[in-house]
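What follows is a single structure, and I will ask about it in a moment.
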Amino acid sequence: MDILQLLIYGIVLGGVIALGAIGVSLTFGILGFANFSHGDLMSTGAYIALIFFTTLAWPLWIALPIAMIATAALALAIDRSLYRWFRTRQPVILLISSFGVALILRSLVQMIWGPDTITYQTGIQMPYRVAGLRIRPDQITILLCTIFLVLAVHLFLQRTKMGKAMRAMADNPNLARLSGIDTERVVLWTWVLGGGLAGAAGVFLGLDTRLHPEMGWTLLLPIFAAAILSGIGKPYGAIVGGLVIGIVQEMSTLVIAAAYKPAIAFAILVVMLIVRPTGLFSGRSTV
Amino acid sequence: MSLLSMEKVTGGYGEADILHDVTLRVEAGEIVVIVGPNGAGKSTAMKAIFGLLKLRSGQIRFDGQDITNWKPDRVVRRGICFVPQTDNVFPTLTVQENLEMGAFVRNDDIRPAMERVFELFPPLREKRRQAAGTLSGGQRQMVAMGRALMLDPKLLLLDEPTAGLSPIFIDQIFQIVKQVNATGIGILMVEQNAKQALAIANRGYVMAQGANRHEGTGQELLADREVAEMFLGG
Amino acid sequence: MELAGLLTYGIFFLTLVGIYGLLALGLNVQWGYAGMLNIGVAAFFTVGAYTSAIITTAESSGHLGGFGLPFPVGLASAMALSGILALGVGLITLRLRSDYLAIASIGIAEIVRLTLKNEGWLTGGVRGMAGIPRPLAGLIPGYDATLYLLLVLAFVAAVYWANERAWRSPWGRVLRAIRENEAAARAMGKNSLLFRLQAFVLGAVVMGLAGALYAHFVRFISPEAFNPLFATFLIWVMLIAGGSGNNRGALLGAFVIWIVWSATEIFVTRLPEDLVTRAGALRVLLIGILLQVILLARPQGILPERPPRPERHE
């Protein structure tokens, strides 16, 4: 297929990965653990949107925010009921717990919506053709929404007191506490932001492809790869990392079987871990 | 009544106690210096004030109130700010954002406080949009102190503010400490440059092995033969 | 149920407990001893199973094979290949925080899973591999399953014994020290890192062994049996429930959790007809919740870790 065409698909996928990676990066930076349930949080968001978007046939601009809010609330509820109690213990316990949460979420999705593939809309969208390239209206929606969300996150992190406090805590949690920053509230906002973005990423992934209980879990590795590529704990880098992973994954189909797309993310990850584990935009310690 | 008093404080990070019956006080408007060999527990004593250890016994009072085992954010609100020995800035935040974080608990206009910090540390004004992690050691120390001053604390805790700095910067920092103190802020400072520190101090404590060893006015400690031999490099 | 039927089920049950016990013991060396987060147990289990299967099966058009080599060769190859895989992952992540190992290990598991599904010439793809020989078969007619159970238990005993020795050895002590303080240990230098790598590889070798024993037990393997749920998550729940750092705990955990897991199967098959298709998910949900409850209520497990008894001086 045409390289430019793959580039477009790569950017769309990259945007979805980036939205996920921002959340992973924030939770890693602020809570100090790799959240293995992030992918399944995305799936849950995608399925929640299904209720409003498909079953109730509400427009996307209503269904999307509802799914984001619901996913954020879910992330927060998981934190309050589980992660909060593990925070004073080793961070690895959080990781193990999140691995369990991933399975809990996935099995819930499967119990409620069944194990089969679902699409948001019946019928086929006619792609626009520009200079020989095809792009579906859904993909344009995804791109525009992603750009909007990334800008909103940027403004939040740069301009608001809470956003700055989140960056501060990702930088140096001890000093944040010493400065009197209300770390519990920062944690709360981290889940709201990370969860909301995960919900959006899930909806976009569902729009771009299809819904499946494992859709998020399959994307977890590329998301981690994007977060590590950018230097884990750094939300900005995550955007670049997501785009790189997304584009490389799509381009890889030129040389290897499409089935191995996820392996590409892993290959990039391994190279990063060997060459520059602190990420392209280094800073945070890896030890 | 003292501004800060630590009475027979015993405790540590885990099972083993690091501090044994440590007692010290800071009167309003004083500069008090703690000196002592490496590993004496000086930093630990400061962390104890800031609620970062679980104390087994003893009491810490500040401004007429018992603050033993308070959480750090409560201690901050009460009027004590702390500049730790290491990792005392937010490296990827700009200088200005570092200062804003120092004022996190405030909801009023922080511009006057920031203005005062910039007057105290002129180099920071030019660098205010620069990431703190990219600054030189001396400037980073200024950011750290500036951050702590954003709340107009009654007491400032400084843990080795001159460690690793060149002599010019060391003099500057001591000047600034005196200036800050002149505005009425009490200062409790751990210092390796004991001679210089004791010279500007009202009183000093010598700690060793997690306990009080000597105390006296700055001049007394400087004059004490034993102290000089032990800790001041003869 | 008839007594004979019960007995047959008991043997089947215990064999699987033995195999899972081995997996838990392997994970205990990695996580319990060395604090290394392996979220890709499935990878080593799978590699072990398929390696031994390929080595020992007869010619088949469905997958690579036809070597027909004896069982011990299959076992040894399985262990070796798992170990080599672990060596690779370990070398990449050795100097990094444990989170990175966790991420790299699911990466490896994912690649192994993709290969399994897509490389039909090698693994038979989704159709799987059949006709894997069971060793000792026909030695005492009618007692094949019993003999195999004894074989598995012998391996469990051997690994248990080796694990216990390792726990008491200076090697185990260094590993525990590293586990308690990763950062400090990393500063300690090459030797301690080497110890960690050894722990990771040895644990993976045991997982490879378990995989091979599993393949020769069920005699037909397909990707289904190696999904991250069965092959990674259950093992983690077993180890944490039993008590990580404690080998008896690992075995007890394998036993108890396998009972629980089997019981959920009985429970969900009683569900109304239209719910049965979703029953699998319900079982996972229950185990997932069980893990959280254990982590909250008894994080040290049923049998908590104990420091080794000080050696007696004669």
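A few comments on the model shown:
Note that the chains are named A, B and C in the order they appear, and that numbering of residues resets to 1 at the start of each chain.
Note that in this section a residue touches a chain if its C-beta (ideal position, glycine included) is under 8 Å from a C-beta of that chain, and two chains touch if they have at least 3 such contacts.
No experiment lies behind these values; they were computed from the predicted model shown.
Ranked by C-beta contact pairs, the top interface belongs to chains A-C. Among the other chains, B has the CA centre that is most remote from the centre of chain A. Once the centre of each chain is set as its mean CA position, chain A and chain B turn out to be 42 Å apart. Put simply, the C-alpha centre of chain A and that of chain C have 31 angstrom between them. Taking the mean of the C-alpha atoms as each chain's centre, chain B and chain C sit 53 Å apart. Residues 28, 33-34, 36, 82, 85-86, 89, 91-93, 95-97, 99-101, 103-104, 106-108, 110-111, 114-115, 220-221, 224, 228, 257, 259-260, 262-263, 265-266, 269-270, 273-274, 277, 286-287 of chain A are the ones that touch chain C when the two sit in their complex.
Remark: chain A residues 161, 164-165, 167-168, 171-172, 174-183, 234, 283 touch chain B in the complex. Residue ranges of chain C in contact with chain A, taken from their complex: 35, 37, 39, 92-93, 95-100, 102-104, 106-108, 110-111, 114, 117-118, 182-183, 186, 229, 233, 236-237, 240, 277-278, 280-282, 284-285, 287-289, 291-292, 295-296, 299. Chain B contributes residues 50, 72-73, 76-77, 82, 84, 87-93, 97-98, 100-102, 104-105, 133, 147, 151 to its touches with chain A in the complex.
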